[in-house]
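Labels run A, B, C, D and E following the written order; every chain starts at residue 1.
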Amino acid sequence: MDFATIGGLVLGIVLIVSGMLLEGSILIYASLVSALIVVGGTMGGVIIAYSFKQLKNAAAALKIAFSEQQDQPRDIISVLVSFAEKARREGLLALEDEAYQLDDEFLKKGIQLVVDGTDPQLVRNILETELDFLEQRHAINRGVFAKGGELAPAFGMIGTLIGLIGMLSHLDDPDAIGPGMATALITTLYGALLANLVLVPLAQKLKVKSEEEILIREVMIEGILSIQAGENPRIVEEKLKAFLAPKSRTELDEQETEGGAVERNAAT
Amino acid sequence: MDFATIGGLVLGIVLIVSGMLLEGSILIYASLVSALIVVGGTMGGVIIAYSFKQLKNAAAALKIAFSEQQDQPRDIISVLVSFAEKARREGLLALEDEAYQLDDEFLKKGIQLVVDGTDPQLVRNILETELDFLEQRHAINRGVFAKGGELAPAFGMIGTLIGLIGMLSHLDDPDAIGPGMATALITTLYGALLANLVLVPLAQKLKVKSEEEILIREVMIEGILSIQAGENPRIVEEKLKAFLAPKSRTELDEQETEGGAVERNAAT
Amino acid sequence: MDFATIGGLVLGIVLIVSGMLLEGSILIYASLVSALIVVGGTMGGVIIAYSFKQLKNAAAALKIAFSEQQDQPRDIISVLVSFAEKARREGLLALEDEAYQLDDEFLKKGIQLVVDGTDPQLVRNILETELDFLEQRHAINRGVFAKGGELAPAFGMIGTLIGLIGMLSHLDDPDAIGPGMATALITTLYGALLANLVLVPLAQKLKVKSEEEILIREVMIEGILSIQAGENPRIVEEKLKAFLAPKSRTELDEQETEGGAVERNAAT
Amino acid sequence: MDFATIGGLVLGIVLIVSGMLLEGSILIYASLVSALIVVGGTMGGVIIAYSFKQLKNAAAALKIAFSEQQDQPRDIISVLVSFAEKARREGLLALEDEAYQLDDEFLKKGIQLVVDGTDPQLVRNILETELDFLEQRHAINRGVFAKGGELAPAFGMIGTLIGLIGMLSHLDDPDAIGPGMATALITTLYGALLANLVLVPLAQKLKVKSEEEILIREVMIEGILSIQAGENPRIVEEKLKAFLAPKSRTELDEQETEGGAVERNAAT
Amino acid sequence: MDFATIGGLVLGIVLIVSGMLLEGSILIYASLVSALIVVGGTMGGVIIAYSFKQLKNAAAALKIAFSEQQDQPRDIISVLVSFAEKARREGLLALEDEAYQLDDEFLKKGIQLVVDGTDPQLVRNILETELDFLEQRHAINRGVFAKGGELAPAFGMIGTLIGLIGMLSHLDDPDAIGPGMATALITTLYGALLANLVLVPLAQKLKVKSEEEILIREVMIEGILSIQAGENPRIVEEKLKAFLAPKSRTELDEQETEGGAVERNAAT
């Protein structure tokens, strides 16, 4: 569970609802028509802009925004360094069994290519192409939410215009202006909330998570190629630690002092 | 048929029309003058910004937004792998007949260049230049719609200003303010709808489709060059599969297990 | 004449004027002060932002927006292919006379460099530098209009604020609010029209024309270098056709079948 | 202490508060609900968009915006030139002791890699990777504030809409419109202030400070590699001074004339 | 003097003041509080965003926006071609005296590096690094004005909100609404004027001037390296003229026919 995503949503909703309650009643802010126009119009625009498959993928990507990142760069580094040690002692072929037990498809594929004796340039080529397209797929996933975040306020305004025009065109009773205007403005409120409390932050979260995943993949590519080149495990570690924030490096060092065996187990 | 494009449009229109009906009558939202100012002004701006030829191309590109993508990356990969096998068994010249039967002009041209014994660097050069300019033409096509999506709300506001100024300048009867304002706001509504329900989503759809087509062309270039280099079909497949989402890869594997002959037929 | 530029402007103006006439009279939308504030303020801002020389160039570039593109990529390709044939038959020096008769300064310079026996790397270097700075000058030209398109709505709002503040500060007669507001809003209308019907579309047209001219120059550079390298005219043609849209290629092929001599004449 | 950050904040607050006092009383601008909606809503959106760890880092980065830059490029250049001299006289190993006494982890690591005899290409590779990820972490830190600066005005508008709808929906007493509207607008005011006086300028400050730190790191990388290549200290200085503004260079020259020993001490 | 900068400012101010006078009196648009909030708030935000040193540099850069460009690319080209001739006749060392008499520090440094026999790759490296950081400093200078241009309208709105809230919260006399609103709107007017007539155009002017200076520096780098490579002066001229607009080239040719000695004097 990513408690930040959920906590932020809850915080925002609690504050908005409290603000509404202080104005009297939450009922005056409820309007099914407004919700339909904003949510439906935004969905309509997004459906036009993407294919059903992309929308399905984006919906699936939403799960990522709500779940904790599993792989930590420093765990991956430990695994890669242990692989580098094993490859140096027992040869590249010794990694075959280790690779079979890996959960991560990308790392497994990379190690397998190395074990198969693929040309290093081709290994880099294949893994980087895969990373480029992973990035492109991520960009489409968050693009669905970002486009929705652009359209939602526009449909909020459209709904308010529909309400205003309706009200103004049969203006018999001047006392009805106030409540009519209130109703019209609810759609603008919904559009602003949908965009600023939900869609825009979620698109940003997906971007941030994508950058983290790509960082891990870049660490893997560098590590796999270093292992293939038979580099000294100490140099491999130094190289990969350059990808980390200084603080994470210290944690990695401590971890190693505590028990280097732990990571090796993690990899097996 | 691309049901997403049509479905999204229908969903949006149904919701907007329902919202209007709930305000009383759809007739109060109908205004020919407003439609002329928004549609005509937006068209005027777009016509100034582009040439008639580009507008014709953009109109033709619209068809793409409404039709299903025909080539699937995984079908192309199957074809390319079968070509790689044939070229390895029977030599590059054996691809000449296969090439003649291809529908896709880009792939046909690439294979023909290879069959003609063109220098690999020149093959890559020619195909990548073609891809660059394909991308540029796509950018102009969607640019027509994106520019329209920028101008439409502005002409909506212009129409509303014309209405407001007209109404305010002969303000004899205060009771006429309401209906006059309603009429003036209709143009803003039309501008917002034209932009957010039609032009902006369509420009985005063309962008997404363009990216898909370019991905397929990139797969083709890599495949053609691998075939020319006489690479092992298994490596070719591994390389090209790096362009796919993991899920599509599994589908490709299943397809192959079911009957590798199918793809070969597809290519002949 | 570029009929798109003129036609778009006329279409926009006719629609806006019709809309005004339907509100009663076009006179209520006429205000010299508003025009002075919007046009003058926008000009003031643009003059600050650029030098007089750049403004003069931008004004001269306006002519481009209103005139038809003269060189067509496919004509240039025909010329270059005919040069490649001549150079292969009679040697590079035979191009000297042809070069003197060329109208295009860029192509003439390139051919002359080749005839002079300049190092190919230096030829590419000189021509690409020239192209880079052509692009930079074009960017400044359209930047003048684009900046004007940003400033015009702001000065429209400034004029409206001046009118509103003036009207509100001596509010003796409530009946004067309506007409006063109408007058104030005219400046906003002018700013929106100047930006969205004139400046923004013109800046975009200049961008589109610039891209076309740069495409032609890129075709020329590739062609000149291929001629210098003594490449097979058929390969030269294949390479250059990669710059064209598929449709233009077919036209080029037809043209050649009809009479290849025509292009050769065009080049002499 | 960075007096610019504090001084700017104080100047802005004093002016805004003075403006409020001139309108009568500062109390009419105080609203706990408005503050909660703007600050809470903005925080909610930012929390959704990032992880708790990133928010903690961004909060820590805030300290940087309020504190003076410690390392000056010209001090670093003096240190690097003195290292180059020592390395030339006594060999690269002589830098080991100097490195241990350095405060800066990045410079220390670079010198240590050089002392360890690491391959120059690998040294550059490691240090540039580290710099890339430093830049990425900085971008996330300022992104937290920039995203907040985007969301704050939106939540200001959301709060105002909540207030307006509440007021308009039970509009019994026309005299209550004025004060009700005033209360509603306070939230918009808070959102605009939070964004334009706090979040947007702070994000920009972090960007400016990040660029300065990255400049210093780039100077270090160039210097470390020049030292490893055994370049002439005078050339090293000339090369590194290219990173400085002309004025700083003069200061550096003066400093050196005054007493070159000072910098060497600074490094030890 | 850059008459465009001053002329544009004067034109804008005259028009705005005329517009105000036509509304009755310029006094109704004068408000010290509004000026303080807009100018002070904008300054506060900018001071937070930058350091005092950067603000001082930006203020100094303002002088550039008001003064004529001194070096003309075509003068620099004449100087460089005369240097190339001298170097060819008398050797690179003969440039030492010429270099001492140059005003431009950048060109002087480049020539000196060449005279000192520095490696060409290192000369390019040093000069390009210097150019990169010149560009970065220019970007910060204009960034100060551009950021101010973003903040000014926001503080205009903040001032108007303060005025509106103040007025609405003690709404005893309905007749006071008009003048109160007028006063509140003055701050918005000031913010729009400060941004659109001063800060945004000045930032753009600095950008345009920066591009011109960088162009001249690029010409210098190419020229210096050509001189070092001992290239033919005619080729040097041809290469450098590629940086110019076609018109400037003709002027350069005429100048040379008139008296090539003039430039040589200019260089001494």
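Simple rule for what comes next: a residue touches a chain if its C-beta (ideal position, glycine included) is under 8 Å from a C-beta of that chain, and two chains touch if they have at least 3 such contacts.
These figures come from a predicted structure and were not determined experimentally.
Minimum number of contact steps separating chain A from chain E: 2. As for how the two copies chain A and chain D face one another, under half of their interface residue numbers coincide.
Work out the mean CA point of chain A and of chain C, and you get 41 Å between them.
Centre-to-centre separation between chain D and chain E, using Cα means, comes to 25 Å.
With touch defined as above, chain D holds no residue shared between interfaces to two or more other chains. Contacts between chains close into a ring here, every chain touching precisely two others. The assembly's chains link up in one ring whose order, counted from chain A toward chain D, is A, D, E, C, B. Those residues of chain D lying in contact with chain E across their complex are 2-5, 7-9, 11-13, 15-16, 18-20, 22-24, 28-29, 69, 175, 178-179, 181-183, 185-186, 188-189, 192-193, 195-197, 200-202, 204-205, 208, 211, 215, 235, 238-239, 242-246. Put simply, chain C touches chain E in their complex at residues 33, 36-37, 40-41, 43-52, 54-55, 57, 105, 113, 118, 122, 125-127, 129-130, 133, 136-137, 140, 147, 150-151, 154-155, 157-159, 161-171.
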